[in-house]
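Each structure below appears as structure tokens.
Same chain, two partners: subunit A is paired with subunit B first, then with subunit C.
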Partner chain A sequence: MHIMEGMLPVGWAAFWWGLTAIILVAGIIQLNKVVRKNREVLPLLAVSGAFIFVLSSLKLPSVTGSSSHPTGTGLSSFTFGPLITAVLSAIVLLFQALLLAHGGITTLGANCFSMGFFGPLLAYALYKALQKTKLNIYYTVFLAAFVADLGTYVVTALQLALASVMNSPLAISALIENFSGFLSASAGFLGVFAVTQVPLAILEGLIIVVAFKYIAKLKGDFLLKTDAISEEQLTKINS
Partner chain B sequence: MRNLDDIALLSPLRRKNTTLKVLLVIFALLAGLFSSSPILPIFIMVCMIFATLVFGKIPPALYFKLFLSVLGFVAVSCVLFAFVSTGKGDEILLAIPIFRWTLTITQESANYAVLIFTRSLSGIASLFFLSMTTPMLELFSYFKRFSFLDVFMELVMLIYRYIFVFLELLLSIQSAQSMRFGYRNFKTSLRSAGMLVGSLFIQTLEQGDRLYLSMNSRCYDGKLPYYDAKYKILYSDALVSMIFVAAVATVYIYTRGIQFF
Partner chain C sequence: MSSIKVEYILIAALVIFAVFFVWQTTWSDSEFGGADGEAEELIYELNPDYEPWWEPFWEPPGGETESLLFCLQGAIGALIIGIFFGYYYAMNKFKKQNAKA
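For the complex of A and B:
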């Protein structure tokens, strides 16, 4: 679920936009560097962006039929890293706002921070950490996708809860004064999200495991090249 | 998915100046956010719907179908806002006891939820106005002036193109799967969805290779040149825009304190 256009007060919209702008500038600098070094990457980046968009319009076999960003962004963050993934997500979110009126322009900063940066970063970090342990690769993939998905929704819930208590990020006194209000608002948003998002996160984790297995079987060399998998894990999957 | 871009390409407002349209929409979005009363967002929404339907000649049935499809999302969030953003000592309008807790809506939270709801609707109407009258290519050609964004804009154009290629691919794989009872029960659905995502990803990789080859064989040097149409601002356009801005300012000043509850 994206934060829709108009849901955040001006102060918060500006705050998240500012934060996202820093990430995007860093991402674009990295993007320019990567493309200058190896022009071959640009078409690949482009089709990955389209992949993220298309997956988010894929109806999962669930009650709510909600969108599945983490699947797309997760796969992209293994391949290109979280910063470039944030740039790709920003483009995708822009198209969703303009073509489907899903999300928005003023709330794009907040959405891009939670879905384009925080979630993929979490997935990337967890995957890299667990990859070194002896844990079965499928569990690793599942956990990375699951945690990234939940992380995204925790951030979204907190963004909404903060906006409902404080009019702008500068109104810290309002937060201190009404801290219990903030806690109950967070609990409210998290509770409602949990009903739909926890089953969805499990489902997405399972789907990405199946997809990962399929990719490893057919395009194992690609996963090897991007360090997403070790040679011995690949032979284990194929055996 | 009915594509808003197809509508934009045929729109009579397409040949209006892009900068003017973008600035008007940004003004409308920000004015909606700055308003403290729900009246102003409602006013902006009515203006935008009017402009899209009457000046843009969009069939109302199509327009409202698209509008309703996002309305549910907004409504759910706003009901949530009404329940959670309650402060201490506000006047309670409604209290629903559930087990040990009580869900309450106070006067303040109800007003806040209504404000957010109308802001959201005015934002959606404004975005619809922009995307139903301006094709994406024209919208983005504006940013090509900044050389820092060169690669970024290339990426935007290519992503835009490939969204439709993959959407078609996704739909055809999905219907092929469901024809073979791929979504018969939960377990097969899971497997089919996983395979769909996986094969889409592999297709993506292969398509990326092919795209690189085909672009290179057409002398691609890091820049996709295309015709950048420029439309002049007519006096009548400027007049209509100024009337809109003035009307928004007037409504803002006179309705500042008005609340529904």
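For the complex of A and C:
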């Protein structure tokens, strides 16, 4: 999902940076609150960030004959929410942009929006909607982690498709004139990213489910305090 | 899912994934390049005169250094995950031992 350095027109780079800046400020404020008022969950925060580090470093081969990496944002999405997840992702993306020339500084805004915020936001919304239903919590965790991963790549594809027909977010008339161009570009970028990602998102979902199970078994308090599980569901896992 | 252990499902998925990949490499001559690079090609296809307006400050000199740094990123994460699960596993174990004593 990394948009390479300089590959977004200036207007778009600035637009995504602006959005991401707001998200990161809100995320840092939220993170400060957790650090001050909810210190006992900090190990869970560290391990959530660690999953982003590990999973986003693995470039896995996929059925389409290309390689891509999972995002690892599932766990932090439904425990700490999309704003804090954006801050954690920004650290990883900065590491990759500066040391690996993977992604870039000018495209960090766009990349952080897709991987750190929008995918996790979808996952968070889905998790909260399903959490209170009778659905087995493992399915809920799986679906949320799957959506965090796949959602990220769909956003990247749309970001690139928009940039391919509009020089900047202000060029709305260009989009209206060339809407069919936008649709075919979307199909093209979705073909590159989303199709490749489906098997990887399934794998990532399963990894997060197993991680979730062991966190619940070893230190279920973390999930209770972050509102990711109810007492009842926790007893069921541990029985 | 609760009747079948989630660990087994994960292991089965990993095995299917690996077997499929090995089988695929026997007939496909794909090099499994990055999707990020393919997207870059598509950008140029759609807008042939697009020019990147910014270059990375620093690039790893080659594949070896790049894999070193990716490995380092994974290792940092794995270390934290190991400490986390190891710490709480041991804590639970000693709690049970103390309760017995």
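One rule holds in what follows: the second predicted complex is superposed on the first by the 200 of 239 C-alpha atoms of A that agree within 3 Å, B and C clash if a C-alpha of one lies under 4 Å from a C-alpha of the other, contacts with A are read in each partner's own complex, and residues count from 1 in each chain.
Heads up, the rule we're going with is that contacts are C-beta pairs under 8 Å (C-beta built on N, C-alpha and C of every residue); 3 or more make two chains touch, one makes a residue touch a chain.
It should be emphasised that the depicted structure is a prediction, and the values quoted were computed from it without experimental measurement.
Legend: residue contacts after superposition of the two complexes on their common chain; A:42 is shown touching subunit B, with no touch to subunit C. Of the two partner chains placed by the overlay, only subunit B lies in contact with A:31; subunit C stays clear of it. With both structures placed on the common chain, the touch criterion links A:178 to subunit B but leaves subunit C unconnected.
Contacts of A:136 after superposition: subunit C is touched, whereas subunit B is not reached. In the superposition on chain A, A:111 makes contact with neither subunit B nor subunit C. In the superposed model, A:214 makes contact with both subunit B and subunit C. Applying the stated contact rule after C-alpha superposition, one finds that A:192 touches each of subunit B and subunit C. In the superposed model, A:89 lies in contact with neither subunit B nor subunit C. In the superposition on chain A, contact of A:203 is made with both subunit B and subunit C. Taken together, the two structures place residues 1, 4-7, 9-10, 43, 46-47, 49-51, 53-55, 57-58, 61, 92, 95, 97-102, 104-106, 160, 164, 185, 188-189, 192, 203, 206-207, 209-210, 213-214, 218-219 of subunit A in contact with subunit B in one case and with subunit C in the other. Of all residues in subunit A, those touching subunit B in their complex are 1, 4-10, 13, 28, 31-32, 35, 39-40, 42-51, 53-55, 57-58, 60-61, 71, 75, 87-88, 91-92, 94-95, 97-102, 104-106, 160-161, 164-165, 178, 181, 184-185, 188-189, 192, 203, 206-215, 218-219, 222.
For subunit C in complex with subunit A, the residues that touch the partner chain are 1-2, 6-7, 9-10, 13-14, 17, 20-21, 24, 28, 30, 32-36, 38-40, 42-43, 46-47, 50, 52-60, 66, 69-71, 73-74, 76-81, 84-85, 87-89, 91-92. Subunit A contributes residues 1-7, 9-10, 43, 46-47, 49-59, 61-68, 92, 95-106, 136, 138-139, 156, 160, 163-164, 185, 188-189, 192-193, 196-197, 199, 202-203, 206-207, 209-210, 213-214, 218-219, 236 to its touches with subunit C in the complex.
Against subunit A, in their complex, subunit B makes its touches with residues 1, 3-5, 26, 29-30, 32-34, 41, 66, 70, 73-74, 77, 80-81, 83-88, 112, 116, 119-124, 126-128, 130-131, 136, 139, 148-152, 154-156, 158-163, 165-167, 170, 183, 186, 189-191, 193-202, 204-205, 207-209, 211-212, 215, 222.
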